[in-house]
Amino acid sequence: MENKVIAIAYEDVTDENGEFPLLKPQSIIAGKGGFIAALNFMQRIHGGKGILLSRVDGVRTPEITIIGAGNSGTAAAELAAAFGNKVTILDISSEQFGKARKVLPANVELLYSNRANIEMCLKRTDVLINCILWPKWRKDHLITREMLKLMKEGALIVDVACDEAGAIETTKATSHDDPVYIVDGITHYCVDNIPSAFSQTATTTLCNATLPYLLEIANKGVKRALIENKYLRRGLTTYEGKLTLEETGLKQNRPYISPEEALGM
Amino acid sequence: MENKVIAIAYEDVTDENGEFPLLKPQSIIAGKGGFIAALNFMQRIHGGKGILLSRVDGVRTPEITIIGAGNSGTAAAELAAAFGNKVTILDISSEQFGKARKVLPANVELLYSNRANIEMCLKRTDVLINCILWPKWRKDHLITREMLKLMKEGALIVDVACDEAGAIETTKATSHDDPVYIVDGITHYCVDNIPSAFSQTATTTLCNATLPYLLEIANKGVKRALIENKYLRRGLTTYEGKLTLEETGLKQNRPYISPEEALGM
Amino acid sequence: MENKVIAIAYEDVTDENGEFPLLKPQSIIAGKGGFIAALNFMQRIHGGKGILLSRVDGVRTPEITIIGAGNSGTAAAELAAAFGNKVTILDISSEQFGKARKVLPANVELLYSNRANIEMCLKRTDVLINCILWPKWRKDHLITREMLKLMKEGALIVDVACDEAGAIETTKATSHDDPVYIVDGITHYCVDNIPSAFSQTATTTLCNATLPYLLEIANKGVKRALIENKYLRRGLTTYEGKLTLEETGLKQNRPYISPEEALGM
Amino acid sequence: MENKVIAIAYEDVTDENGEFPLLKPQSIIAGKGGFIAALNFMQRIHGGKGILLSRVDGVRTPEITIIGAGNSGTAAAELAAAFGNKVTILDISSEQFGKARKVLPANVELLYSNRANIEMCLKRTDVLINCILWPKWRKDHLITREMLKLMKEGALIVDVACDEAGAIETTKATSHDDPVYIVDGITHYCVDNIPSAFSQTATTTLCNATLPYLLEIANKGVKRALIENKYLRRGLTTYEGKLTLEETGLKQNRPYISPEEALGM
Amino acid sequence: MENKVIAIAYEDVTDENGEFPLLKPQSIIAGKGGFIAALNFMQRIHGGKGILLSRVDGVRTPEITIIGAGNSGTAAAELAAAFGNKVTILDISSEQFGKARKVLPANVELLYSNRANIEMCLKRTDVLINCILWPKWRKDHLITREMLKLMKEGALIVDVACDEAGAIETTKATSHDDPVYIVDGITHYCVDNIPSAFSQTATTTLCNATLPYLLEIANKGVKRALIENKYLRRGLTTYEGKLTLEETGLKQNRPYISPEEALGM
Amino acid sequence: MENKVIAIAYEDVTDENGEFPLLKPQSIIAGKGGFIAALNFMQRIHGGKGILLSRVDGVRTPEITIIGAGNSGTAAAELAAAFGNKVTILDISSEQFGKARKVLPANVELLYSNRANIEMCLKRTDVLINCILWPKWRKDHLITREMLKLMKEGALIVDVACDEAGAIETTKATSHDDPVYIVDGITHYCVDNIPSAFSQTATTTLCNATLPYLLEIANKGVKRALIENKYLRRGLTTYEGKLTLEETGLKQNRPYISPEEALGM
């Protein structure tokens, strides 16, 4: 603020559909990385049950349950299904089901997320991958510690969303150096920066997404770009020493002004 | 025998791989018809639980277990999977798995048939389709009446093979007029001539398979055809008033002679 | 009205795309059920020609014509194609073709619906499945009784939309108890409540679609829910003793008021 | 013969399944080239009807009939189906159907070849591709000149097998310089060396197939290679001034000896 | 203008998504035709290298690079991939990638278009198909003459967009009569009216797209149709002797008035 | 030998096609495990380049080269292709290509293995997976240390076959504890017992394959089983204190007798 940096937050830039084009690439890589982590931590050499998460004729096909049909969940499901596992995605939105269906193979089950269905899945699943962010204000959990008892011994939870005490009560963030811990016989993988393992791929896809904004800023100057492009402007966080926030109406008594005010629009 | 009819049995003619080219078309139609019967008798209007045997996003995907990875079982699995159900085929032959895999979609599970796997399937399945013939001399059963208790209430058994007291202990043959009965809460469909429902298709495909033999008989005369074509000869049952049987060596003390003897070869 | 019931009609609630989220699940089940009915009534044991509606190598592949590329038509096509039939969907909307193409396999033909194409299809088809609602004010028909003469003897019409004297001139609604009748050699299946055969599946999917609205009503109270959610409000039919109707401007001189007026907005 | 050349004919070398490994690559390229020729000669600029042989939503999908489910026919069908056409292969062998099915997509129709089915196809088809060799001794034809009248005006016949007065009565061999002619309104493409258009691809694949035999000859010397490898020996045509022919027993009174005799085995 | 013709330009009518429904069918046919041209001009008999643009096991799979992921590029990629080639589409829009992904098979590579990626593709590719229109005001090129040196000898450029001195510096429009020329060892195919080769298909699909507008004009009269349908109105070019142009605000000092003014709205 | 153990070697039991039914399951798991190892060791956190081995739109698709189209190679290719990578299998056998083609998706390239093709692949590939056993008597290598210079910096070699100084000159066997080492900038993963990571899956599939032989031995007694089943007998290694070996004719002067002799047949 002192140096009057103009800061634009990646996570607040939207597109015309209200989606987050600068977050989507990382969500996809995180979801894919989540399944790849499961491939590893089910191996005997990494402390798992020694199950190959891939259809092998004659052997019971592994079952994978994914919570959330958004970008991460769909990406995790895509890889899990590609290896021939039985995959179920739980969600509560018919609209998300419709979007996911268009990019997933026919054999991914999209199932309404309610208590009965969650419990049925917990009993069967070899791996549970959580891909929904949990609202910070919620005190309850989707999967409580109690519910871990329903799971098979040696089952694995991969928490891609990785909210501590969020959707999964027993989640605590871990790092690539020490990625897993066990609670009540269930292994938890809760690395909170999965994409860093795939640094080159993540950087390239993030640059692809960022470049159009950079070009607009380079061509027009930052001020005009912010004025003319309302989606970019949504990401504005500091401008000439002022904190800015979209929707300031909802957050009065805070030291924010709207991006439009800051830009003198 | 009095009229000296020359009889060749469809079910005994083999090809060079030891398969039965004149039975295969009916086996395929029987297997497909078995799944179509399941589609019907799971409907509420036909006394079933009102389950549509097809993936519907948001709803639990129905599960279908098929016993036997031969022609019938593979054909039933092909249709059941095409409708988006979760399909498991149980068999004990890796070789059959290999053949079935080439024509089935990736999401059909091929599972080794042992007690643990059968019981796991019985607990989950909405429909069980039996496609293996049971040796006449066996007194035991693959699915005993006791094991029906493992199944969900309202589950359906379709016995395509339809051996009374065979693989399924509780099977009794029924007809298209009165096709189902209930034992211990499990509906049984045991029509022993499924292909007759698809008479036109069955006739055409059977004629396609039979025609090469007819042409050979028409061109050469029946005696020369039988002498020159050992696969056709295997089907010879009566010839000029004599009963004939391949492998008479195993069945001494019976009034059979070998086809070769009958033909004076 | 006397009891001041607050009634919200399923068939009038829309989503932000102008589609009907509470009707869509039933349309899908009706379309799928329509093809399953065709599977049955082409069987010899149910009075049909004995044709198995599934590709059998060596035998002519059955042809299925579907009128309308909406939810029902697409669902019927999905199953008919999954069984390996040759499927043609007739429609007049390029936009519908675009939507249908994304969920259908490549071998479903999407064909512009005009007289020449309809007649070509009638001559070839084994089964005609009608999935378009016919405007009540239209006196003409898409398929007249005269045009039935173009069809093969023993062909089957399944009228999923089931408007009497609608798109199909010869349609009269039937019930699951007595589902078919014959006109000029063509079998007609016109059950007007196909989803009831699949009661469990239909109930589950309908509940999935309804639940978000119920939760909103439960959380906010019905009045605030109706005021804040304009899509729900479109379904309002009676409110505190008053008949309401969206678009009252078009229907003056009737005893309706708009939902907004009724709610005092 | 004078120079005592040792000649081994490509077209007579078999493998252990009785197939011709040195002919197969050319057959595949000829079949693919046959469909590519059809793509061209249906274009308006090359005198055709101006039909794009590829599914275009809204437009009638083109129909392609292929005679023969061997290597050429299957290859032609693979490409024709890949472009989204409706493809029917006619053959009389269930065994060929089984082989073709494993490599073709589900929407290729495999149909028993009899008069009724051929006529049905001739009436509908936009392109007929012939891929069966016709026995030299047969005087009849599969498609007579009379039968061309059944075809649509402007339809195209591509004769990949290209036997003059063979399966197609009206076939006369043409060259790449002047590839088509018209008989009774039907365009005929009968280039008898299709693979030469794809010289680089054809050469590479032929070398791949030939190399193992060359290596064996180089390593062992030609005589020992011929003695030890009975499949190679079947191709022996001249050896040290003698004409050789397998199965000389059937062709007595000719100046041939068997390869084994020639080699002094 | 003298005759007061009412002219509506196909290329200016939009739909509600800002796309051009009357151009799209031709773009698709042009893209498909572009790949079909490549199939031809890689043949030895047409002066090419004799490469069959289709996967042949054992032979290097041909590589096809397509510039632009719009309607033409996607259609070209669809066919090129269907024949089993390795296909890369270059584009700079993540949104276009998302749309293209839904209709393309998984093995088409969608690659961000930058100098490094273009050069990598030029070195590898057998065929380059350009499907992007180049802004008339740009003086630079995407592929300069200098860059042709990166390509393999005998490679082929198909310029579907066919802007002279546009995206491809060396493009000059050609005709179906004399379609190709060579620059620096690289064959160029730059026919500027590819769809005319497929006249029947193109006409049908164009009529399908046009018919709804014709019906609206026929039912309402042209003036009312233009007033009520703003998408149709965007195409208005002359009306009662006046030149009209949408967005006249940007083009002052020209003899245009807006369509709305012309219609007296 | 002292204890007169009857030993039957898994790796010598064949089936009627000359394949090794008791080795095949491990080969498949080794091949799949090889690709999973590549997934890991390309990650930045495990010392790799940070490349996600999965298609991500906008990013260059990773390239995987697999040597050998047998059971291991095909299994590795199946998973690598399922994740959307560009996969090339090098082999010299058209017959292996034919078998592999039936189980692999269309976008796996099967390429004849010669020096030119190997070098082209080495230059491009991100990962090289070796799946061919190298004859013990060969002193040369398929990939010499010199050839590593052709590869990209940071590329990865996974040697599933893991013959020291075999197909890959620079291979030295490693263990799961310390799996990788670097030679000339190329990472090598040469764990010689990959399936042990997937112990549960490997055990189950191995038991499935073994069970029929165990049952035969249990039912008949070991001597009769060995006498009646020539495939099992091929695996006999010691019998009543004698070393046995099939094909003793080729290995004279050794203390072996044939299994048949040992059994007194």
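Note that the chains are named A, B, C, D, E and F in the order they appear, and that numbering of residues resets to 1 at the start of each chain.
As a working rule, a contact is a pair of C-beta atoms (placed from the backbone, for glycine too) under 8 Å apart; a residue touches a chain by one contact, two chains touch by 3 or more.
No experiment lies behind these values; they were computed from the predicted model shown.
Trainee: Common contacts of subunit C and subunit D?
Mentor: Expected: B, E.
Trainee: Among the other chains, which touch subunit B and subunit E together?
Mentor: Shared contacts of subunit B and subunit E: A, C, D, F.
Trainee: When the centre of a chain is set as the mean of its C-alpha atoms, what distance in Å lies between subunit B and subunit C?
Mentor: 37
Trainee: Please set out, as single numbers or ranges, the residues of subunit E touching at least two other chains.
Mentor: Residue numbers touching two or more other chains: 58-60, 84, 94, 101-102, 112, 204, 208.
Trainee: Think of each chain as a node with edges to the chains it touches; is that a line, ring, star, complete or other?
Mentor: Shape = other; not a path, cycle, star or full graph.
Trainee: Dump the list of chain pairs that touch, please.
Mentor: Listed in label order, the chain pairs in contact are A-B, A-C, A-E, A-F, B-C, B-D, B-F, C-D, C-E, D-E, D-F, E-F.
Trainee: Spell out the residues on subunit D that touch subunit C in their complex, using ranges where they run on.
Mentor: 55, 57-61, 84, 86, 94, 97-98, 101, 105-107, 109-112, 117, 120
Trainee: Which residues, counting only subunit A, touch subunit C once they are in their complex?
Mentor: On the subunit A side, the touching residues are 92, 94-95, 101-102, 112.
Trainee: Hey, which residues of subunit D end up touching subunit E in the complex?
Mentor: 25, 28-29, 32-33, 36, 39-40, 43-46, 49-52, 54, 56, 58-60, 79, 82-84, 176, 196-205, 208-209
Trainee: Sort out for me which residues of subunit B touch subunit D in the complex.
Mentor: Residues 15, 21, 102-103, 204, 208-209, 211-212.
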